[in-house]
Structures are given as C-alpha cells and as structure tokens.
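Here chain A shows up in two complexes: once beside chain B, once beside chain C.
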Partner chain A sequence: MNDLLALVVQQSVNGVYLGCLYVMVALGLTLIYGVLNQINFAHADFVTVGAFAAFFTATRFATKVLGLPDTGAYLLSMVAALGVGALLGLAVNAAVFAPLRRGDELRPLIATIGVSVLIENGQLALFGPIPYQFDSPFSRETIRIGRIFFSAQSVLVVAVSAAAIAALYAFMRFTFLGKALRAVAQDRETAGLMGINPNLVIALTIIIASALAGMAGALLGPVVVLTPFTGASLIVKAFAIVIIGGFGNVQGTIIAGILVGIIEAFTVQYLGSGLIDLVVFVLLLVMLVLRPTGLIAERKEENV
Partner chain B sequence: MSARIISFLIIIIVVAALPWLLTTPYWRGILVLCAMNVLLALSLNLVIGYTGQLNLGQSAFFGIGAYVSTILVKTYGWNFWLASLAAVGAAGLLGLALAAFAVRLRGHYLAIASLGFAVITYQVLINWENVTQGVRGIYGILPPVGSTSALFYLVAGIAVLVYVLLDNLVRSPIGDTLRAIREDEISAASLGINGAIWKAFAFGLGAAIAGLAGCFYPGFVGTLVPDAFNIVESFTMMAMVIVGGMGTMIGPVIGAVVLTFLPELLRGFGELRLMIYGLALMLVVLFMPGGIVQAWMALKARIS
Partner chain C sequence: MKLVFRLAILAIVCAAFGAQAQDRVIRIGVLMPISGPGSYFGVMGKEGIDLALDQLKGSVSGYRLQVQYEDSACSPLQATNTVKRVLDQLKPHIVIGEECSDASLAIAPILEQAKVVQLNAGSVTMKLTESGYKYVFRIFPNGEQQGLPLGRNAYTKLGARTAVLLYEKTNAGVDSADGFEKHFVAAGGKILARIDFGRDVNDFTAIATRIAALGKVDVLPTFGLEGQQVRLSQALAQARVVKGGGGSAVQMGSIWLPYGYDQKAGAAAEGYIRIVQFDPTEKRKIVQDFVKAFRAKYGAERVPTHINAHAYDTMLLVAEAVRRGATDSESIRDRFSRFRNVEVTTGKISFGPNGQTTDLSVIHFIETQKDLSWKGLNW
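What follows is the complex of A and B.
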C-alpha cells in the first residue's frame, strides 16, 4: 500500500511538472484566441526556436564568449529565448495577423500553418535532424524527499511558470494595458470607441504570448529531445489543453494543462509511453463533443 | 465540340505522353507521385473548397486506404482490387465518423477536431503492432502492375476518372447544395438543405477518394510505415489545394502538379527546398487567396 502511495505521489509530481511546461505553451494560444479569436498554428514552433536560441546562447555565447558559469549561462539563455519569442510574435503579427484582420476567419490559421512548415524546415536545414543534447545545470541535480525524486530542473520549471502566470495575472488585473487587453477581448469595437487602440493591444498580446512560448522553449529544451520538430509534437497537445480548458479561458487552460500533465504521467506508468497522445486526443474529441466550452463554463468577464 | 471536351482531350493526350517525355525511372516515379497527389488534392478540395469545411485530417484517410488494402493483401491473401474496394469503403466510413464531429463543430473547432482525428489514426497505426507492425513497417509490398509507367497510367487514369466524376458532381444540383453550405449554412438550412447529411456526404466521398489514392501508395514505395501518414501530409495536401485555387476543379490539379515538381527541381538547395510548401502556403493566403487559378484569371482580364 505504501508503495502504491509513493508511486501515485511520484507520478503526480511528474505530472504537475510536465503540466507546468504545457501551460506555458498553451497560455499563449489561449491569450491570442481571447483577444483575436484566432489560432497561431506556428505557436509551438516558436517554442522550438526559443529552445534552439537558448541552447546556442547557453553553450556557445554565454560560456565561451562571456565566460559565465553554467547556471548564469542558463539563466541568460532563458532571457534570450524570451526575447527571440517576442521578436517572432512581432513578426507573425506584422506578416500574418495584421494584414488578415478582415475577411475569412480561417485564413490566418492556414497562413500560420504555412509559417509552421516554413520554420520547421528552415530549422531542419540549419540544425539538421539529429537531436541536440541540451544540458541545463539544473537537470543534472536530483532532489529527494522521502521516496519522491525530482530534478532541480523540474523545480525551476514549476517556479518559473508559477512566476510567469502570477506576472501575467498581475499585468491583466492591475495595469492599464492589462485592462485594455481585457476590454478588447470582451468587445473589440466598443474598446476602440473608448480610446483603446485595438491593433496595439492585439500586437502586444501576440508578443507576450510568443515571448512566453520562447521562454517555455528554454525550460523545455533540457527536458525533451530537441529537434526541429519538437514543436510539431507539442502543438497538437497544446490544442488539446486549450480545448479542454475552454478556448480563450486562461484559468481553464492552466487547470487543463496540469490535468493533461498528470494524465500523461499516469499513462506512462500504467499504459506505456506510446499511448500518451492517443489518450490525450481521445479526451480532446470527447470534450469537443460533450463540452466544447471547456471544463469551466465561460464567464465573459473572465474571458481574456 | 465544346471547349470542355477539347481541353479534356488535351489533358488525356498530355497524360498519355508524359512517360515518354520523362524516361528515367526517377522521374517516372515522380509522375506516379504526382498522379497520387492530384487524387489527394481533388479529395480534399471537395471538403475544403466546395463544402467550406477546414479539414486538417485528410492524411488519416490516405493512411487507412494504404493500410487496409496492404493488410488484406499481405496477411489475408486478398486480391488487390477486392482489397482496394474494401479499403475505399473503410476510408469512406471513417470519413463519416469524422463528419459526425463536423456536424457539431465549425471553424477553428472543426480544424482542431480533424487534426486530433488524424493524430489518433496515426497513433493507432503506430501502436496496434499486431496488425500494422507499428514503426517497424511492412516490407516487400508489390505494386498491382509491373512497370512504373503502367502504374502511372493506372493512377493517372483513375485521377482523370475521379476528376470527371467530381466535375459533373459540382456542376449538378449537389454542387450547388455544397456551395450553399459553404457560403452560409444557416441560409442553406432555411432553403431546406439538410447541412448534416451533405457535410457527411462530402467528408465520406472525400475520405473514400483519399483512401483510393492510399491503395496505390504502398505498392509504389514498396514499404509501409506510419510516418508516411503524419499530420504534415495533411498540410501538404492543403497547400496543393490552396496554392492551386480551392473551390475550382482545375486549381487543386495545378497545385498538386506544381508542388510535386517544384521541390524536385529545387533539389540542389537541400533541405531548404522543403520550406517551399510553407512559403507557398503563406504567400498565397496573404497575396492571392484564390491561388494560381485566380492569378491566371486576373492576368487574362488585364491582357484582354
């Protein structure tokens, strides 16, 4: 009985940690959907680009050029990934979302599928198909509490995502721009009449969302197999989370992300790692049919 | 003779002449691939172009056609043609299963549901090892006809047949019905059109045609692995439909031909050539949403 309890706790810890990574990716998708009612299909590829940016910053630039110690180099690489993500957000808004604001609602989705294919194959040409070994100084250290083991990296992941979520929440709640963002999410035209520039708010949202994706890449790089197609395997899972949580619903996305992480951890334990995607997507289709509004019924004033 | 029949005869002559113009085994192989891609683009165009349902899961039906026909031939010793008939039926039935979602969902939700559907199919192909051999793949699959040029004539002949069938279909009242659903489902319903039945019809027929294309793929390649039916294949098909011009009959054919041959001509650029699908998709959506067909019409109008 004790063994079972330890196993359940261990897998729950693993699940929460995975879930935090997923939340970092899915939050951006849900933020953009909230203000723009659009999907950025290339969102998870921004995660991959962020991971590569972090990898090269940490292993080439920070340690070799600046001579930073490992820990400092890794922390700097997170900042670099954040910046690269923000730039990608700026670019995708200028190239796709701003020009396609009017017209068929599915055109931006199709265009960003093109962006996704472009980024993945561009990375393939640059970095090759062989996986990169991205060692963070935190992934080498294991912490043990009783019979539960976890890496220092997982503590960092949970801490950074919690900080990011808290910062996002504070931004939305207490700053003028955050209020403007919520106003645009509720009603773009009325917000425009109140003197808010919706284009600016939309651009800002996409930049924030993409910066989060970039930083998620820095956290994810040392945990997953880093190839040009890491994002491709992530995007469908991020969609599953966003749908389960309710599209555009930030709280729902956070809960769904952690839930999917936990489901994944227990799937690995009891059914085998090959079945993860199968379990998650069957759950996605069931949710779409039974409860397309997500786990939490949409309350409009919370719908950012 | 009407212009339609003349252009039809020209197409027949060009198709018949192609294996004489491209004589190396390599280019003849590309011809077979091109004929398959035409079939796939035609199948997806019926759903996306004429019925207006963004389906990102077409690769699933291609895969079902390939696996069902191959397994029936290899494991159960069926005759190829009988097995193909069963495979087309299976793909069509699965198309109806996806239609069950399409009836309830629209826009972005349908796009994600169809994507999830394709991921689930792909995962089943990987995990159901007793039947599909999983990632190890099935080897030594023989084509239904001896030579590559015979295979080309077979697949191209079927593609021409399917083209004529669909061309007549979209000119018939059924075509008007599908277009009415695409333009405005609620108005269509007010005219007494049962949207659910006709969407199911389009998904089922589209899936069956993709399944038919799938029957010829394993024999052509000689091996069968799940990776050939990854969701990226759906995006490739979508790129063909959109680059050519969705919602027209000839557009997807042009798109399939261009996007099959262009990457081959760019072989000198290594992996960078794969970016062409993404770039083409993005640029076409941004600058000429009607694809090559629309650009051609605009050019003709300017000249005359």
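What follows is the complex of A and C.
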C-alpha cells in the first residue's frame, strides 16, 4: 500500500468511527423530532449523564463492589448507562415535557433548554469541573492491520452503533409498538382514534431516545474529555447532522453522521483542524439552500 | 446630666472607631472560570485563595480582606459582563483573574479605565502586558518567557531539528506556539506544520494520523487544556508518533499543564517534557509549607497543582502590598511596582515596567518517566 493510499484509508477509518459516534448522539435527537416534532436541546446532556453513569458503574460499583474484571465492568456500565438514560427520559417526560405539551409548541422547546442548563449545573455540583479520566479496556488496546490502526474502542463503537440501528429498525418495522410509534408520527389524532395511546407512545419514544443517549455516553466516555459540559461540545454538531440528514429521518441521520465524520477527518488532513466547524457548517448551509429537506427526503411517516 | 453627656461622647467615639474598622477593608474581586471546559482553573484557584485567607485569618495589618468570587467562564463576553458588575457592586481595590487569556484581555481595558489593579496568575498571551496597561500585573510567565527555554532547549539539549506545533485556537495557544517557533527557528530548527484545534474537539485520531504521515518529527510542542492534552497524547501514542506509543517524537509542554496530567494520560505520557514553575517536590520552605498546609486542608492524598499555587501566591502578594502600607487600588499598584524578590511558591516576584514578572529562577524542565513520576532535567 503506498503512502497516499494508506493515508486515505486511515483517515476514512477515522472518519467512519467518528461518524458512528455522532450517529449515536444524533439518533435519539432525530427520533424525538420524527415523532414529536420537537427539538430536544437537552439531548446531549443525557449523553453526558450516560457517560458519568458508565464511569461510576465501571470504576466504583462493578470493579470494587462486584469485583468484576475490567472488560465485564465496562460492559455492565454500558447496560447501566442505557438504564439511567431511560429513567432520565421517563422522569423528564413526566415532569417537564408531558405537562407542557398541551400548550403551544414553543414552551417544550424552551423547557428543553432549561433542562439542559439544569442537568449541566447539577452535574457540575455533583461531579465538579475537573476532567474525569475514563478509560475502558477497549480504549487501551490498539489494533493494527498493516499500516492501518484503530482502537478496540472504535470497533466497539461501530459495532454497537450498527446493532443499535438494526435493533431500532427491527423495532419500528416488526413490532406493534414500533408501528404505533410510526402511526403517531404520521397523525397523532387519528392514531388515537385507532386505539393507540399517543401519550404512552410519546413517552416510549423519549425513553428509547434517552436510553440511546445513555448508551452513546458509555461509548463516548472513554473517547472524549469527560466533564459536565461534554454534551455541550457535541450538541451543535449533532444538530448539523440531523439537519443535513433530513430532520427526523433516521436513515438520513446515519448517512449524514458518517459523512460528517469523514469530512472532518479529511479536513484535518488537508485543510487544518481549525477549519472543521467552518467546513461542516458550510455543508449545512449548502444543504439548506440546495436541498432543505435533507439528504433523504421522505414522507413523514417513513421518517422514524 | 453629666453622666448622660459622658455616655454620649463615649458612644460617638465608639461609633467613630467602628466606622473606621469597617472602612479598613481591602475589597478583592476574583474572576475565575467556574463553569465551562476551563472550570477546573476556577475550582483549583479558589482552593489556593481560600487556603491563603485561612492562613492570614482574613486580615492583614488591621485590614480585612474581603473576597468576592465570580464566574467568568473563560469567556470574554461573560468576563466583561462580570467585571462590570463587580466594579459596580463591590467597588474592588484589586481584581484577581482571569485565568484564560481571551477573558483576561477582555477585562484589562475595563479595569484600566476604572483604575483598578488586575493581578493575573494564569494567562500566557503577550498582549496582556504588552498593550501599555498601567494597572495590569502578571505572575505567570508569558508566551515569550516560556517559548524561549522551550524552543532553545528543544534544539540544543533535546537535539530536535523538526517540530510540529499543536495548540488550541486561542490567544494563549497562538502566543505559546509563536514563542516556541521564534526561538526554535532562530536556533536552526524547522517547523513542519502548525496544527490548531478548537476547545470542542474531542477526538484527536485524525490529527495524530496527519502527524504520522509527515515523516520524522522530533518534537511536538503542545499547548492546550488538560483534558484535550490527555486525549491528544493518547492519540499520538496510538499512532506511534510519540515515545509513549513506541515512536520517536517527544511531546513538550508548558507551565499550563497541571500536575496530574501524567496519571490521566497513562503510558502515553512517558517521555513528555515540560517546563514547570511550581514543583511540589521543590525544597524551598515556602513550597513545602504550602504543600503541607494544602494537604491538611484538602486531604492527604491531594498534591497541589500550579493553579492552586499561583492563586495562593496572588493572595500572598496582596497581603504583602497591604503590609507595606497599601490601602487602595493606587497604593496597591504602587507597592506592586516596587516589589523586588518577594518570595512566593512560584518564585521571587519582581514586576517589570509593563507589570510582567521578571524572575524565572524557579522554572525548570521535567520529564515523565515510565512509572509516570517526574524526573528533573538539568537544562
């Protein structure tokens, strides 16, 4: 493999891995929009909560209380993050989203900003601002194939992202609840007339999206700089991906996430890492001008 | 009637003394990042200042030290708004802060206009003390003061001939990188690339890949926040660029990086060389007393960082100015200007005409060993 080809393959691998991280964050965001027509500004903070849940489960509970080895402790921490994310979604929906849904559309939107600030500062009070060092046994292992390298964590990220997407797809297509969810996305009132409880389905959507965010946090924790503000550094990029992909469109989000990851990697290589945001947001503007519906524009009921 | 008259006089005298005691206050505004990615600066800074206040029992020479902490978030906008509010409400004689260069630069002209002393202990940017401000003082070595030993020693002692500069896209990052480049190139070295990054960058694999593709790189001067430096070092090790990953390049860092980075970066930190201004193992009595007092207050397992020490020193300097007769902003400025070799944990402070500390005698180089301990380099 010559130098240029090796470099292109390596940056493509880096990009796909980064893209999968973004997809994991953006997936729940687009799911909520697809069903509720609502933007959740607190979504990335759910990711941070998941990361902290995984950190404390892995480093305190699983290893010190249960005596699990590092690998078992980290895998358990992913399950814990999933659960904590789901519980957080349940609580936030019951306390904030559900009561405000009856009014105009702006109130829940503003409320999500409030929830975001609340979660960030709550975590700041609980965990402090000093970055936590969260290493998984996978992040310490480097796999080398010829001149190409990647961490075992990146393989895990890609595998879990693919599994989560497949599970979500199967849930949407082949289960009654998934069909109910799509029916509510298509027409909430008619779905209600067909015997579906829209409030239950909406709560379920928020719980699934939040659980995905928690899981994303467990995967991201050993990769990013873990502080109470980790989510804030991801949310803008996640929104860009959701818009580029087509707001509320899961397939579009997956493609856009991986595309943005690859663009970022090659921007670092050929233009400079300081221009990452510029390139991504120029792409966003171009998409809004040329194809405002996003990469994949489908009928609304097909989105989720 | 006579007794009433005497009691009245006594009451007036007591009231006068009380009012005088109330007036004998040095009001100190402390602007630190308590939220956002740089908030560890604020937390550690507050620890240092609180410790100094404890030791001073809150007063010096009959003057009470009234401290008001404010969150300026490492952000120029928030720092600007905060300093205006502090000036309006607290009416400080001195403001300590900010830590981040961009925020420090934002508040400097406001404090200059208000004729309030700004004492800085964490910013690197040259502009802070090179813009002609008369009320700015800084005990943290600037980009040039750090760049000179870093650039020159990288060439002469380390034998490096090629470098890739890695720095965050802020005034601090740019000035630090410029400082290194100036002296490294002057010595005969070559800069292969300048790679900047924003504070929102989380994954450094693509940057490490780019550096690996540049061929042989001898030294990687790195200027960024601790969390990003940890991830950057790990990515460089993964790409087999630096010694910690089996490569040949040496990462070099500035005083910026706090104690504890090595433990967080793990094996990737092996071979990392940096200059330090505060070294908890230094034998000077003031340093060892500080370390002992810090552990007594915050826990035996804690090791104070340079951020703790710099903040602690700011309060010692304010106290010293008051001991020498300072009572307000003008006289604090006057006493600071006349400081010569005032000993603190981070050196012996003498301010130059521009308010910049001139003594760099305690600055030295250390290298991270395989067991992540520090080894002093005789550079």
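By our rule, the second predicted complex is superposed on the first by the 301 of 304 C-alpha atoms of A that agree within 3 Å, B and C clash if a C-alpha of one lies under 4 Å from a C-alpha of the other, contacts with A are read in each partner's own complex, and residues count from 1 in each chain.
By our rule, a residue touches a chain if its C-beta (ideal position, glycine included) is under 8 Å from a C-beta of that chain, and two chains touch if they have at least 3 such contacts.
Since the structure is predicted, the reported quantities are computational estimates derived from the model, not experimental observations.
After superposition onto chain A, partners chain B and chain C are found to clash with each other. Contact with both chain B and chain C is seen for A:D277 once the two complexes are overlaid on the shared chain. In the superposition on chain A, A:V289 makes contact with chain B only, while chain C stays out of contact range. Once chain A of one complex is fitted onto chain A of the other, the partner contacts of A:T142 are limited to chain C, with no touch recorded for chain B. Of the two partner chains placed by superposition, A:N249 touches none, neither chain B nor chain C. By the touch criterion defined above, A:L124 reaches both chain B and chain C. Of the two partner chains, chain C is the only one touched by A:N14; chain B is not.
In the superposed pair of complexes, A:T59 makes contact with neither chain B nor chain C. Once the two complexes are overlaid on chain A, the chain A residues touched by chain B in the first and by chain C in the second are 120-121, 124, 236, 274, 277.
Contact residues of chain A toward chain B in the complex are 33, 39, 95-96, 99-100, 103-107, 109-111, 113-122, 124-125, 232, 236, 239-240, 243, 247, 274-275, 277-278, 281-282, 284-285, 288-289, 292. The part of chain C that touches chain A in the complex is made up of residues 34-37, 39-40, 42-44, 169, 195-203, 205-207, 209-210, 213, 225-228, 230-231, 234, 238-240, 263-264, 266.
The residues of chain A lying in touch with chain C in their complex are 3, 7, 10-11, 14-15, 17-18, 21, 120-121, 124, 128-131, 133, 135, 139-140, 142, 149-151, 154, 220, 223-227, 229-230, 233-234, 236-237, 264-265, 268-269, 272-274, 276-277.
Residues 54, 56, 101, 104-105, 107-109, 111-113, 115-117, 119-120, 123-124, 126-127, 231-232, 235, 238-239, 242, 270-272, 274-275, 277-283, 285-286, 289 of chain B touch chain A in their complex.
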